[in-house]
């Protein structure tokens, strides 16, 4: 009886976590929450999964219409990613709001349903900074960039891998994240399924000061 | 061994329920099943989650294009809701077909992934009636309206909360539901993630009589 | 303690399988993976679930825009299917790539959330062949068609039913699948929610020879 109660409660909790975006952690890089991709390296142009030529329409900031796939759940579907040229590149994301970042999750398609996972990023680093809307340009921004963490995406681990932000990053507030990958698992292009950014919102009193 | 069999069967059943729209209950207010929003109070106009200004295009009945979010699964994503102005308002839904209503489920985003849940409805009531296509207007309709249930949406309970229809509603057949909320959990606007209406279809012989 | 470890590992594995498209099997007929419907029998024209008249626009091969619903997850939603006229008909699918087929999965909406399941296919057969891009026409193609399996979709079993490919199909490579249904469970039209095709890619050295 004790075991049955334990088993039932554990199952309910695990399914609840699964239903809550898989991790049950707030994601400040979610498109439906207001985050967006503001810059990225050259996209890999291909025929889309649905058989049409990808419409590589870009907005005035030269951001591909497909870039937001990175900020959207994949629901276990291979192909629901944003492909970039080469085995190195980057994506820059404006978060929903300014936060003190605590961790970043990189997700690729699950092994059991993947055709091939050699397009997954392997080594890389994640940086962050606070973007000032006016009186600055992107070059100026990048001067204030600091390292959040370096990572290795391991194909033998769970498909959603969470990397904690380094102690050295302190309690700095950021609203922009840059994801650089410097190698991948073997393909001439790299597919990014999803990036999530976890953390906490600074106290509003602190914000007003 | 007995315990293992118990645990395995329980897990399979719980995952099956989760896969079956979370509740495993037929929903007569589902958009993909043919239900639609026919009327609502003033929408809250905002920038959308994906960074564009919401296209508050409305059809000839002045129903917002975003209203059907209420009749669509949210899949654990914050932002997949229909925002209305103020802390009180209403939504009116034409069901897929006429039913004897038994319960209504109100769903908000799960606590573990929410940025803020103070836009959730708090107190309200749900009414229903049978719409006559011809020879009536909406005013006339509302005269035949009867109360299905009153509710309090409690932020400390599960994010999908089911409210049983009152005995006093009897076995009345309805094809239209009105959801009124009279307070929310603190925001100047109110977000509705999803409404489901459960019940049974009246016997077809009865219908033809 | 031993039981707790068993229960926890079993739950994690089952949820992982659920998250991996429900079955944890690679699907070569997935739209986001590059598969597409190339031909089908006459569609059932109806009002759509969302209340608009279906836009039965067809591409130059007379394939309905709604046909790809068959190659897309339904996420437990009734109505996310492709409806065909009558109680018999067919759908022809070009796979993502050429494979040695091992099994086919036919999925209908789950019993617990369905309004009515009498539009489900009942008896049928699945055939396959290797399409040659040039110098052939569809008639020629069909001459090389061979039987993969016959099936009965049983409403009393799980909603996703997997049928193994017959031994007689050998290790033939196919890139095109034809799904014929010869009866359904009672409706004047037949709804197909999803078809998946499982198998293995032939060794690339073999491919080049």
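Every chain is named by a letter (A, B and C) in the order it is written, and numbering of its residues begins at 1.
Just so we're on the same page, a residue touches a chain if its C-beta (ideal position, glycine included) is under 8 Å from a C-beta of that chain, and two chains touch if they have at least 3 such contacts.
The structure presented is a predicted model; accordingly, all values stated were derived computationally and were not measured.
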Interface sides of chain B and chain C: same vs different residues, half threshold: different
Turn needed to bring chain A onto chain B - CA fit, degrees, nearest 5: 120
Centroid spacing, where centroids are CA-atom means, of chain B and chain C in whole angstrom: 32
Shared interface positions of chain B, touching two or more other chains: 3, 7, 11, 15, 18, 75
Residues of chain B defined as touching chain C within the complex: 3-4, 7-8, 11-12, 15-21, 24-28, 30-34, 36, 68, 73, 75, 96-97
Complex contact set, residues of chain A against chain C: 3, 6-7, 10-11, 14-15, 18, 22, 47, 49-51, 75-80, 110, 112-115
